[in-house]
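Two complexes are shown next, each including chain A; its partner changes from chain B in the first to chain C in the second.
What follows is the complex of A and B.
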């Protein structure tokens, strides 16, 4: 098909240029040039504006490696990303399975829509809504005390579990979506064949369904892990003082401490980590989409 | 044997119910609390619309809401126009580097907004664009463009290029082919892309946050500032409105663009 178009008058980039240029120039100005500028800027001592003296330095990167603080924070952010991803897989995969293999027709469509709908509403507001549930005197506290015969005080607010809960709530629809797409593609007759040949349900799950659904699981994991490692608003709101992560430190450099070159270096290190993960997963991602 | 399957299916349905409860309960509770009289979220529940009345007099939040809507509408128009044009070019023409141009659409979607946002802040500041609503608009269009191109391109996949050739051989010029043959066919994709763009802009917090200045901020940025000062039912009220608007919008989108339907 591509060949037959190329043979016509519609080949070469020249006729395509007027249609392409506006969009790609915009992307260059607002995404690609800024990312390059950040890389450049992370090697400077100070802002090249406002008449200040500046020179090239690797001080900002040295700060990252010499002070154990930033390395530790990056690790804790990576751990946070891993934990949230695991929870999302544990919660999201079974849901995707039910959606793809148990539910049928209109109820499937409606529930699928309900699962991914919150995902397109405001993330900040959804994180805030957990404060209503998790705080002392919040709904969880009230309901548990009404059910349980003894008095307990539930105050998960401003804790590590609160951050996990909020992030899992934010990102689990991704996992359901990607797993659903791969699970739906598995032919039901394959499962029936395995069952009729004497495989148990568990064997079918372990030897057939999970391997075939792997691209979806990996795609979901990458789509969740990457933004969680860079999260800062969620730990701030739900984690309080315990919510110091790599992302919150970068935020501080730009809005509180005003050490932009250090912030740029920290951002750029995060970008490098992210790109390595994306590159490693790209063959699987390409197959999954 | 049959009954075991039944039981498992029942459990599966129950599990989906639990997941939906997990996803929606906090939002419902936040909405209910916006109608509760106690400023400290105390129960028992007492009905009031006081917080919405307060909200209607909060000039700072109202101004931010207006900014958000304005930026979202302009972002939608620009990114839909530019994105649809780019999709058409990527669909119609074969040229070297096309794969590369398509691959370039993924970094803006995949790179965490924290990185994109801080990079924009540095660059815009450095070349004199500065911060403020214009900078936010510049950023939002860039964030929305890849989504529009991906969605419109997906719709173009269902279009038969022979139709364009037929129209051309009947004497239609390029403009007529586009306006009378191609665009009507891909219109559902264009509308879905536009709604995506609106949602991306209207819900965007991180990039707006780094590009805003006091007085030139969008609604999520003001809400974040308010949350960090302390929780008030007024925040619940404005959040409830936002959730209702974005979810309503996505339901409309779903009518044009069927996610996960048969296929």
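What follows is the complex of A and C.
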């Protein structure tokens, strides 16, 4: 036994290496290599593919700071991320609570499926469905006019709210899932104990359930905030002219302008900003969990 | 403090009657044990009294107030759960303070009352710890302090000691009893452990399949149980069955058993007698007969189990087994296979009218 301990922690890892190897190989191929290639591109003047001359430069990074446009767009993307995350929490947490603590058996399974369904549908189909609902003369317009006694015109298409709606719909399942997992782990007897001590339902929620579910709320928020800040599909299709965000500009560099080096540099700046935000928030988040 | 009356309470889950017309009066300041096998409805009854669940019919009265429709948070009860149910996101002191702070008491008075409650359960120094840093016995004490700090009218405990090991359980029994006396709170204690019920409570109610089979002070139930079920469930008992003779029974082979405990019964029907194993004296059949004590049976020792301070003999009599506990006083033991004579007094025999 003593010899084993003296051999140190490495002796525990070595037998596991053959098992870990495929995972690390996959990570190398799927993430590390493309990311390194992008990092490489971001310091180039031009793509080497077309046989043009190229050299190393930091001009792509300088471009971000030279024009106020990118900074403004990044701000609005961060705001978009924050708003979508908030809406997802406001909708996802109560939904997860009902799933975890109110519904039982069959009905829970059925509702769970409904909540998760957007996950399984194709993103483009999902967004174009929203386009059909939100546009003037679309489904929402027709239904509302059929119900309401007065005539209104609902045209949410190509607006900021449309982008929010589309993104919230796409990302709310993350919040439901992460909150569901933490809520389900809360023993019912804790809630009963709090009630037996005289706590109203609101007090139970505020002082017991939300603190205990905080890890799920935070995990969901991170999972949503990060991709939403860089999102481009929903802003482009549902936002139209108002849908110009940081993510759509990056997309333009890759698919329209073919300025890959600038697109790569903008992506890395976004990555850095998001990491800085998460690092700055982590002491607060850690205290909350 | 207040007494609790449960009057003709029934509660069904689907077609299953978990409680069937149960009436119990829990005296003010008393320690009442609800005893019964698993699934007999103990937890269901406790949850109805607490207000987590509501009866289909019947009344529940705390003090003078009918509370059948009052939800738990308005009933002013204290509850201790089997798994303690301490809030993992709060320190020990905050756990205890929870009930006071949701009531909006001032910080100063909360701090004072929490300190008193923690001192009462002898955890004065552990207020800053988190629940996961405590041992099982300490968690139990925190749960108790949290339940009593709000000065509830009734203290309800659902098998609170069953998760502790034997030695700790005995300590906690003593401790719980001391605290209960000190604050004089009406206490309802659910257990399936008959020893726990006997040692701790002033009154015991025995539940079976959702019905109250018998209730009374522990000694009364132990010495003169009214049914075979309570005789065997509360302690150990030998049950002898035969025809009623008025003051006892006649066994199938004609032997008369005389009883002076229990109810007198009419002749003609079937009846049974209960005899505690420790009340029976055992002697080898060849030994000089002891002074006759009224009831006597013959048999053969089929098995003997040594348990330190006592031994248990299993005596076979015409296919039936009679258990006898003998204190280990140093007398020579009787070997398995020996013929023996059993005798005991009519006072040790409880007549039970046939179930």
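As a working rule, the second predicted complex is superposed on the first by the 240 of 289 C-alpha atoms of A that agree within 3 Å, B and C clash if a C-alpha of one lies under 4 Å from a C-alpha of the other, contacts with A are read in each partner's own complex, and residues count from 1 in each chain.
The working rule: a contact is a pair of C-beta atoms (placed from the backbone, for glycine too) under 8 Å apart; a residue touches a chain by one contact, two chains touch by 3 or more.
This one's a predicted model, so the numbers in the text were calculated from it and none came from an experiment.
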Which superposed partner A:198 touches (first chain B, second chain C, both, neither): second
Which superposed partner A:211 touches (first chain B, second chain C, both, neither): second
Partner chain in contact with A:189 - chain B first, chain C second, else both or neither: second
Touched partner set for A:279, first chain B, second chain C, both or neither: neither
Chain B versus chain C as contact partner of A:147, first or second or both or neither: neither
Which of chain B and chain C A:124 touches, first, second, both or neither: first
Touched chain A residues, chain B compared with chain C: B
First, second, both or neither for A:115, with chain B first and chain C second: first
Chain A - residues contacting chain B, complex: 1-2, 5-6, 8, 10-13, 15-17, 19-20, 22-24, 26-27, 29-35, 37-38, 41, 47-49, 91, 94-95, 97-99, 102-103, 109, 111-118, 120-126, 128-133, 135, 137-139, 142, 169, 172-173, 176-177, 180-181, 184, 201, 226-227, 229-233, 236-237, 247, 250-251, 254-255, 260, 263-264, 267, 270-271, 274, 278
Of all residues in chain B, those that touch chain A in their complex: 8-9, 12-13, 15-16, 19-20, 22-27, 29-30, 33, 40-43, 82-83, 85-86, 88-90, 92-97, 101, 104, 107-108, 110-116, 118-126, 138-139, 141-142, 145-146, 149, 161, 165, 199, 202-203, 205-206, 209-210, 220, 223-224, 227-228, 231, 235-236, 239, 242-243, 246-247, 249-251, 254, 258-261
Interface residues, chain A side, partner chain C - complex: 187, 189-190, 192-200, 203, 207-208, 211-212
Residue numbers on chain C that touch chain A, as the complex places them: 50, 52, 71-74, 76-79, 81, 83, 85-89, 98-99, 102-103, 146-147, 150
